[in-house]
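One chain, chain A, appears in both complexes that follow, with chain B as partner in the first and chain C in the second.
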Partner chain A sequence: MNEKIMRKKKLQLTFVFLIIIAATYLSSAVTEYNLFESVATIPAAFAWIFSNLIITQEALERLPDILEKLNETIFMSIAATTIAAVFSLFLALMGSKTTKANNILSVIARFVASLSRNIPVVAWSLILLISFGQNSVTGFLALFVATLGFLTRAFIESIDEADQKSVEALTATGATYFQIVSKAVIPQSLPQMISWILFMIETNIRSATLVGILTGTGIGYMFDLYYKNLNYNIVALITLTIVVAVIAIELISTRIRKVIL
Partner chain B sequence: MAVQTSINPAVIKRTKSGKINIKSGNKIDLVVKWTLWILTLLTILAFFFFNYTGLQIERAFTETLYNLRVMFLEPALSHFSWAEAFYQVAVTLGLGVLATIFGAIIAFFLALMAAENLSKPWLSKTVRIFVAFIRAVPTVLWVLIFAIAAGLGSEAAVLGMLFHSVAYLVKAFSESIEEVDPGILEALRATGSNWWHIVVHGVLPSTFTYLLSWTFLRFEINFSVAVAMGAAAGAGGIGFELFMASGFYFDLREVGLITYLILIIAIILEFISTKLKDRYFPSTVKN
Partner chain C sequence: MPLLEVKELNKSYNSEIQVLKNIEFSVGAGEFISIIGPSGAGKSTLLRCINRMVEIETGCVFFDGKDVGAQNKKDLRRLRTNIGMIFQHYNLVPRLTVIENVLHGRFGYKSTIGGVLGLFTEEEKQRAFDLLEKLGIAEQAYKRCDQLSGGQQQRVGICRALIQEPKLILCDEPIASLDPNSSKIIMDHLKQISTELGITCIVNLHQVEVAKDYAHRISGLKQGEVVFDGASPLLSQDKIEHIYGMETRELITV
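Up next is the complex of A and B:
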């Protein structure tokens, strides 16, 4: 018996590995990817990074400009996340099993969330760019739409996970829908929700760089500009400022999370 | 005596107007409140830092609504064929697969070094700091930096995407490894097994399904990353076609069709990973 299970497990394992190898081979063929060539470029790439991505005195003179753009990007991500969180809260209350008003609204809320999260942020920014033009609002809206879908799903999960007993207790006392939501549902899931909001702010700062390259705003645009001008010293400085900003925000949110969760 | 202390008026907290305070403030509530206030304040401030060049908000909104209607109700291909479209989707999926699989292999070894139950504290810390640094650099910057050294194409894209996949998976894998029953490791150590024996016969069998699920969850993310890299870093695939259709041809019908293609794949991937999450990770999965 035991031997049979072992043999079956081994067979499954072999099967998984075969699938992985086949998928790798097929993908390399489709994308014209050459493993050996790519491994060979790694040392060259790192040699290039260490010899070219150096922050010089000259680059440091551009620091005020860079910080201004970085500021814009960070504020854009925070604003997009917070405002999306407010809308997500309503969508999540409509979509969640415990707090939904009726089935039709619940389906609509889930559908809107799914649509906004599964269309990548790149697609949103390219679509919005056509009529909004090159300014912060385009990036803000693109991040807003993508965050809305993600946070709605996360909030629905947090609400569903919360303890049902207090909801039941309040229902038994004859509390209204809004009383139940504000006194039982939200206080229980709030720490979890804040944790998701902080996570999304971190993610959005990185996404904002990408959106910035596409829509010509913020630090992403700055990076793209100097990258295309082959001014790698400033490219290095911009990368470093982004790293410092992201790590700082990560540290702050880890501390907050440690207290509230 | 105990009763007396509990009704001692000095113990009961009162508000300034003399009412008994029924909300005892604790640290959690305080931090939650402050976090929300600061976020609100920063959000309001943000709108003063925005750059509004050339924005006509009302026209932009009505135009976008019109554009969205054209995109989603009249999708059509004009610059390439259906076969080409499917091929480009396959290229994007391929980039995602390669970055995920290579990322998983590298991440597995790094995770063994990062897991506290298998590694030394200094090694574990070094790997974690290294991974945190890698994660802080946006993927698009990695791809663009590698594009200079490796030339534009799938090599640079896969290498660039690899970095983030490794960083994400090391975190997930090392947490799974740390949850391995210490009894198993102890039993193996008692028999005199060396480190590799422990990994192959103790850690791998008990974590394999988790590692595979995490790898698939990363693949879901890597698909959208691959779309983004096609658009922003010229890595090819459906993302590049999307960029061309919207940025060069201004062909909304084509943008609509490409968006539909991406949406369908993304929803299928999300469906599979939700099933995996429900099965293997009963509590909320966090990045």
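Up next is the complex of A and C:
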């Protein structure tokens, strides 16, 4: 009996693998993509990277300019995240099943969150670019809107996960809604919320580069400019500074997370 | 006039099962009454109808001369400040300190802003420390509640209820998650509250023996109906069997 089930499981697994292989072949045939050809070009690609993306002395002279733009990008990401976090907190309190004031506000909050979350940040940049033009406000808003949706969703989950027992106890003492939210709900979900905010700051610094290319702001714009001028030495330097910044932020937020959780 | 009067109280959560059927009883000031009965008999629901943590369906609950079911939101809050509540799982905010949790009991007397900002008077803080001292956990005042043992957490729960200066304390299975030693400490404290401070206590219990030892009066609940109500010594073996619907020899009575 047991052996039969196990053989059946094995057969299923083999079948799934066969389907995946078939799907891969089919899609590469449709898109005329050749795996072996692309693998064969990898050494050439690396050769190009190592011969062109070299940080020269000349490029290093531009470092102050690059760092200034990088600063602008980092602070824009942090500002967009923290301001979005404040709005998200209110939306999440309205949207959460346990703290909602009424059903209409809850539906509105969830709708706003899912609308801003399900349109990718790239699309938001392009949409906002039309109405706000090519400046840093557009970049900020694109990050803000996308972050708002994500953080609202994450905060709603943190609030729903919080223990309802203390909410019951405070209700029984005659506490008001805001007293209960501020003294029972938020203290319990705050560590998760801070963790999500840190995660979003990391994510936004990465996306800020892309948003910058699209909206013409910050480090992304600089990258785009030198890339189109075929000045690969400076492009290499910019890439390196971005990587260092992202790693540094990641290390800092891991540290903070360890302390608060 | 009795402190609490329950008249023809009915409650059901869905159309199939009626949790409480025509409950009728009254409690005088200073009484220590225990409600016993099997799981699902409606003990917790009955307790929560008294401070309207669950809505009353039909019937009336009069507390201190006021109709609980007829209160608006604001008056209900004011009424709840006079009713303390103690829970099986203590229901403290685990990440906050003991003293903060005790002071939560004062929220009913405060404005929303005052409560959110945590503006407590010197007297309130002094009272909180006095209560912790009385319950023997003053040295834990600045510890986080999740670092305390179950018995200690329940004592914090009692402090939170007492700082409300209530006329009535509702206890929903206060010792169901505690070891025998801590259980005795908690029950002794509850008894002391009732005799020294004259606060009425209604205690839901699983343990028949504990109920007989501590309560003046016992009320037996079976499938949403009161099947016994009288002084504790009157609760005989066959009455217990009737409430629990089986031979008590099969029950583990601690």
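One rule holds in what follows: the second predicted complex is superposed on the first by the 252 of 261 C-alpha atoms of A that agree within 3 Å, B and C clash if a C-alpha of one lies under 4 Å from a C-alpha of the other, contacts with A are read in each partner's own complex, and residues count from 1 in each chain.
Methods note: a contact is a pair of C-beta atoms (placed from the backbone, for glycine too) under 8 Å apart; a residue touches a chain by one contact, two chains touch by 3 or more.
All of these numbers come straight from a predicted model, not from anything done at the bench.
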### Combined model on chain A where chain B meets chain C, clash or fit
fit
### Message
Tell me the contact category for A:Ile55 with respect to chain B and chain C: first, second, both or neither.
### Response
neither
### Query
Which partner does A:Leu225 contact after superposing on A: first (chain B), second (chain C), both, neither?
neither
### Message
Is A:Ala169 touching anything from chain B or chain C once the two structures are fitted on A? First, second, both or neither.
### Response
second
### Query
Is the number of chain A residues in contact higher for chain B or for chain C?
B
### Message
Quick check on the superposed pair: does A:Gln179 touch chain B, chain C, both, or neither? Answer first, second, both or neither.
### Response
second
## Note on the structure
When the two complexes are superposed, chain B comes to within a least CA distance of chain C, in Å, of 5
### Query
Overlap of the chain B and chain C footprints on chain A, residue-wise?
190-191
### Task
Note which residues of chain A are touching chain B in the complex, please.
9, 13, 16, 20, 23-24, 26-28, 30-34, 37-38, 41-42, 44-45, 48-49, 53, 71-72, 75-76, 78-79, 82-83, 114-115, 118-123, 126-137, 140, 154, 157-158, 161, 190-192, 194-195, 197-199, 203, 206-207, 209-210, 213-214, 217, 220, 223, 227, 235, 239, 242-243, 246-247, 250, 256, 259-260
### Query
Which residues of chain B touch chain A in their complex?
27-28, 31-32, 35-36, 39-40, 42-43, 45-47, 49-55, 57, 59-60, 63-64, 67-68, 71, 87, 90-91, 93-95, 97-98, 101, 132-133, 135-141, 144-146, 148-150, 153-155, 158-159, 205, 208, 212, 224, 227-228, 231-232, 236-237, 239, 242-243, 246-247, 250, 252, 255, 258-259, 262-263, 266-267, 270, 283-284, 286-287
### Task
Spell out the residues on chain A that touch chain C in their complex, using ranges where they run on.
163, 165-166, 168-179, 182-184, 187-188, 190-191
### Query
So in the complex, which bits of chain C are touching chain A?
51, 53, 76-81, 83-85, 87, 89-96, 100, 104-105, 107-110, 112, 115-116, 118, 157, 160, 164
